[in-house]
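Consider the two complexes below, in which subunit A is the common component and subunit B and subunit C are the respective partners.
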Partner chain A sequence: MPVAGPNIAGEPDALPGLTGHDRISARREKRFATALLAPAFLALIATTTFPLLFLIWISTQRMDLAMPFMDGFAGVDNYRQLLADPRFWRSLVLSLVYTVSTVVLQVVIGLALALLLMKMKRGQTLFRIIAILPVVLSPAIVGMVWRSFMLTPEFGVIDYLAISAGLGSQNWLGDPTMAMISVIVIHTWQWTPFAFMVLLASLAALPDEIYEAARIDRAGAWQRFIRITLPLLRPAIVMVIIMRTMVALTAFAAIYVVTAGGPGTATEILNLYAYRKSFTELSLGYGSALAVALLIVTLLISAVLFLMRRERAA
Partner chain B sequence: MKTLRSLAISLAVLVFIIAWVFPILWSVLNSFKTEQDILAYPPKFFFEPTLAAYREVLFGSQSILPNVWSSFVISIGTTVLTMILAIPAAYALARLRVPGKRGAGFYILATQMLPPVGIIIPYFLVLRNIGWMDTYQGIIIIYLSFSLPFAIWLMVSYFEDIPFEMEEAAAVDGAGRLTTLWRIIIPQVKGGIAVTVVFVFLNAWNEFLFAVVLSGNTVRPVTIAMFNFVSVEQTLWAQLAAVSVIAMLPVVVLGVIAQQHIVKGLTVGAVKGGGRR
Partner chain C sequence: MTARGHVKVEKVAKLHGQVAALKGVDFDIRPGEFFALLGPSGSGKSTTLRLLAGLDKPTRGRILFDGKDVTALDAQHRDVAMVFQSYALYPHMTVRQNIAFPLEMAKTPKTEMAERVEDAARKVSIQHLLDRRPGQLSGGQQQRCALARAIVRRSGLFLLDEPLSNLDAKLRLETRAELKKLQRSLGVTAVYVTHDQEEALTLADRMAVFMEGEIRQIGSPAEVFARPNSIDIAGFIGSPPMNLMKARLDNGTPVLAGRPLPLRVKQQAGEIVVGVRPSAITIGEEGMPARVDLVENLGDNAIFDLSFDGGLVRARGPDPLAFAEGQQVAISFDAKDIHLFDAASGHRLEAA
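Right, the complex of A and B next:
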């Protein structure tokens, strides 16, 4: 499967034989291209770059919708407060726990399913369609379905299963640890089919000859997996990890619907904390500083992942 | 050995089906139950189906039809505006000599790094100041922040697949650049446009964070309106299930139609995901 993104950074194929007439047409081409690009770029600047600069400015302000008379320039006060804020550090840890656990689960389960189902001769289309269902749904709806029909004590199906298994009814979303596990499971449920689809497509694109050669070498199934399949799949796996990490760090809707960050702050990942600070507690200045912190964390993590990717590609 | 393996495969298949189909199927089943059936213990798999819940959520006092309408206006508006901006830009990036092309590509990618929770704060302040809270234009313009980079990337990949000879032949014919783009190039990427439209629509339909902050009584998509059916005192289970199913329907239909392209749509600009979840 062609997993690489489109090569828009590459130069266009050189057209042979540039003459003077062509040079004029080249200039016209540039002007034409600029006219085509300008509207989209203006829209992007207005909806992404401008808000970013504004966000950074807000983060240096004291801005409280509940106490507007206190508003004013705060310099780095919000950031100083942030570094000393245990709730911030806790939310950062929760973000990392949430991200690492959901990404690892998605990759491991997705890969296992892809390896097993690859062997199937018929019915792959059915599985592709089943795998598409969770992926296209709104995380808000997924959260609502799980929260109500799966996890509600003495009503949801999971709770029914727990009672039937003799574990008794559980407070799936009311107990801090259980709530965290629940939101991790829900995210994993929704996005594992994505990892499955990408990895299945990559597996299907691997050349058969390599396996034939390995079979002649009498390599066992496990050996073949470790020494051949895994290294060949590595680019696809790394890509899935990068994509899913970025999404997990900014996961919002499902957690918001299921627990809203609670009970207390038990499922309050950094993203949720920034939201609650800004729109529940109405401290936009401090909320902005939290959002900037999230941006920095995202950039750091993606830098590490990209370095990993380059190293492995080399 | 062989039977063991096929047993393992069958088991995986079974787990797969139960784990991923059941929560959706269960919501669908619940939406056809009476409030009495839905509360039955143990859960009922066989029951007399009724359309009562649908009748109530569609035509009852708390009808969600205005919210479905909201969702459609937002999603279609976002899709149209995104495509108008993205198609020319993607064509220029894919096929023309543009100064600073590398930088432009990187910029589009970098905009996707911004956490939505960060940019919603300035959006909120600006829209409140210009009186665009709870308006379609406010939400639709802001949705460009995630739909536009995604659509440009996806369209670039389709434009790159067209042979260069097409444009050259048209240029020899003396056709102007805009005419060439409109008459020759666009028809070549019809399929790509359709796929991009599906994904942009899907992402707009599913968006939640911006909608939660910016929506009000006028503009209130289904994903927000479903909270009407959940309250501390009482949850209307069957109606909640019916609303969930109604909200799922358009995206499931689109997803199944576009199933051949879903992996491409999900991994485009692979360095960072397209979807905003």
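Right, the complex of A and C next:
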């Protein structure tokens, strides 16, 4: 049999299934592809899968750096303790409050800005450049800026505005409720431009004629928004919600810099609690269990969001 | 319903910055009339339709529907139906929801709405597609859906913006005939924008020919075809267009290529243009000598390109095989088929 040359490689197969040549070359190709993928795959396992499994392993240990003589296998003790820990439940609630409020605010404000910008005749580019700035900053820097320049009593910008408005100086980060509101505002401030950019791109892609047809069909501005814009933007909105939810659930840097979870545990979201437990209180085993709990919560929520997305699409 | 749908446009102009898209047009559309706005692209016909729809506001002038000034009213409050060139269907709604949308916006009761949607869908034969989405329809079906969305309104005025231009040739001919029947049976006033003169000639009761932001001629297709009022219109209407040949007046008689033509005009002297439709040229033994340059065989007839002393002419003949390329023939035409235009102004000259 002649060796399969490139001249017959592209010919359509008369018979269903693969001929001898094709099977051999397909097997070779598969082997080659595996060889090419292997380094990246190994690196991925070493840097993500292994640490994850190691974390789960630690979460079944009793591992207190302050009391190393007590260390040992604990089974599900850490998890049993976790379910009975009011501080865990509180941090979980704070995580959910933080996530829901920041994501809702980002989508609502981002969409409003995008709609406004579509109406602007001039200065669109300038507005986009200004809007994107917070996103490119490190969350830790953003936290620093807000803590020192914006919220500091007496000379922070926000505090100055509050005083000027007759509200008086507020202890923005010292009061439990105010501190929570502050960290929500900071996260929203930094990440709304992301939602804004994504929604703006989707809005710009909607054809003008559909809106003209809706005007002819006697739909008012509000009806056009509810019946045309929102449904057509739904895929983009759901995508933004999914992406921002995952980030908000695992937010850390900005809150850590601004309040470090305080005052007390007023802004201690689950992520911060796991960090504090592990590295401040040095209970690595219990801290790991908290981290696994956060992982499970994140997986559950994203699974629900993805299911919602698929259902809507169908 | 035929009593509704009277449209009056008075001195309407539209400027985009310094550019005049429409330089001031006047026309009247009678109730129940099929009125075509015909012209090449950029002539202002689509601008006019958008002004009628209320999607844009005129810079000057007034628009009246049934005697009521609607110039300042937005599209939303004008109660007109429109079919867009791109159909502009709502992609996230089913065909049923698309057709029902204008009724929903008008807060029509549910039971009446369902009935009217079914009825409109039946009129354009898409009742079996009501639960599909526009993305699942062919171009022709989308077009029908857009039509159904327009007729479900029972509005007195129907605006159509090149509705057939996205269909393939065969479907276009079928839909054209259906459109005309539909408009007749509904008894609505229709304003139809097209750049295709054949569409305008076949569909319209009357038409306005647009050029460079102005209306050059208004009349029934037969009138415009039979008596084009300028060289531009003569060269635009008809396929192939009218032959236009340079000539001069000698004592009131047009002289073409040294031969006097058998008619007279009031004007005594000057440069003129003689126009003759290709179908009015007779090829035979008598007349001006000419040579057949090219034969375009169209099957049941043919276009002959002929050269003679006065230039080139095209003639339509019934038999593609009657004359061969290179053959010497003679051409002639009747006095009644001759159109005369002033070469300088382009206006039509009437025979005395």
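Convention: the second predicted complex is superposed on the first by the 289 of 314 C-alpha atoms of A that agree within 3 Å, B and C clash if a C-alpha of one lies under 4 Å from a C-alpha of the other, contacts with A are read in each partner's own complex, and residues count from 1 in each chain.
One rule holds in what follows: contacts are C-beta pairs under 8 Å (C-beta built on N, C-alpha and C of every residue); 3 or more make two chains touch, one makes a residue touch a chain.
Remember, it's a predicted structure, so these values are computed and weren't measured experimentally.
> Following the overlay on subunit A, give me a clash-or-fit verdict for subunit B and subunit C.
fit
> Which touches a greater number of subunit A residues, subunit B or subunit C?
B
> On the A-aligned overlay, A:Ala84 touches which partner chain: subunit B = first, subunit C = second, or both, or neither?
Neither partner.
> Just checking: does A:Glu209 make contact with subunit B only, subunit C only, both, or neither of them? Give me first, second, both or neither.
After superposition on chain A, A:Glu209 lies in contact with subunit C alone.
> A:Val198 in the overlay: touching subunit B, subunit C, both, or neither? Say first, second, both or neither.
Once the two structures are laid over each other on A, A:Val198 reaches subunit B alone.
> Quick check for you: in the superposed arrangement, does A:Asp217 touch first (subunit B), second (subunit C), both or neither?
second
> Just checking: does A:Phe127 make contact with subunit B only, subunit C only, both, or neither of them? Give me first, second, both or neither.
After superposing on A, A:Phe127 lies in contact with subunit B but is clear of subunit C.
> Look at A:Pro231 in the shared chain and tell me whether it touches subunit B only, subunit C only, both, or neither; answer first, second, both or neither.
Only subunit C is touched by A:Pro231; subunit B is not.
> Please give the least Cα distance, whole angstrom, that subunit B and subunit C reach in the superposed model.
11
> On subunit A, which stretch or stretches are contacted by subunit B in one complex as well as by subunit C in the other?
In subunit A, nothing is touched by subunit B and also by subunit C.
> Spell out the part of subunit C that touches subunit A in their complex, as residue ranges.
Those in contact with subunit A are residues 53-55, 74-77, 79-82, 84, 86, 88-92, 101-102, 105-106, 149, 153.
> Using the touch definition up top, name the residues of subunit A that touch subunit B in the complex.
The touching residues are 1-9, 11-13, 26, 28-30, 32-34, 36-37, 39-41, 43-44, 46-52, 54-55, 58, 112-113, 116-117, 119-120, 127-142, 144-146, 148-150, 154-155, 157, 160, 164, 189-191, 193-194, 197-198, 201, 239, 242-244, 246-247, 249-254, 256, 271, 274-275, 278-279, 284, 287-288, 291-292, 294-295, 298-299, 302, 306.
> Using the touch rule from the top, collect the residues of subunit B that touch subunit A in their complex.
Touching subunit A: residues 5, 8-9, 12-13, 16-17, 19-24, 26-27, 30, 39, 41-43, 85-86, 88-89, 91-99, 101-102, 104-108, 111, 113-126, 141-142, 144-145, 148-149, 152-153, 156-157, 160, 164, 177, 202, 205-209, 212-213, 223, 226, 230, 235, 237, 240-241, 244, 247-248, 251-252, 254-256, 259, 262-264, 266-273, 275-277 of subunit B.
> Note which residues of subunit A are touching subunit C in the complex, please.
Where subunit A meets subunit C, its residues are 207, 209-210, 212-220, 223, 227-228, 231-232, 234.
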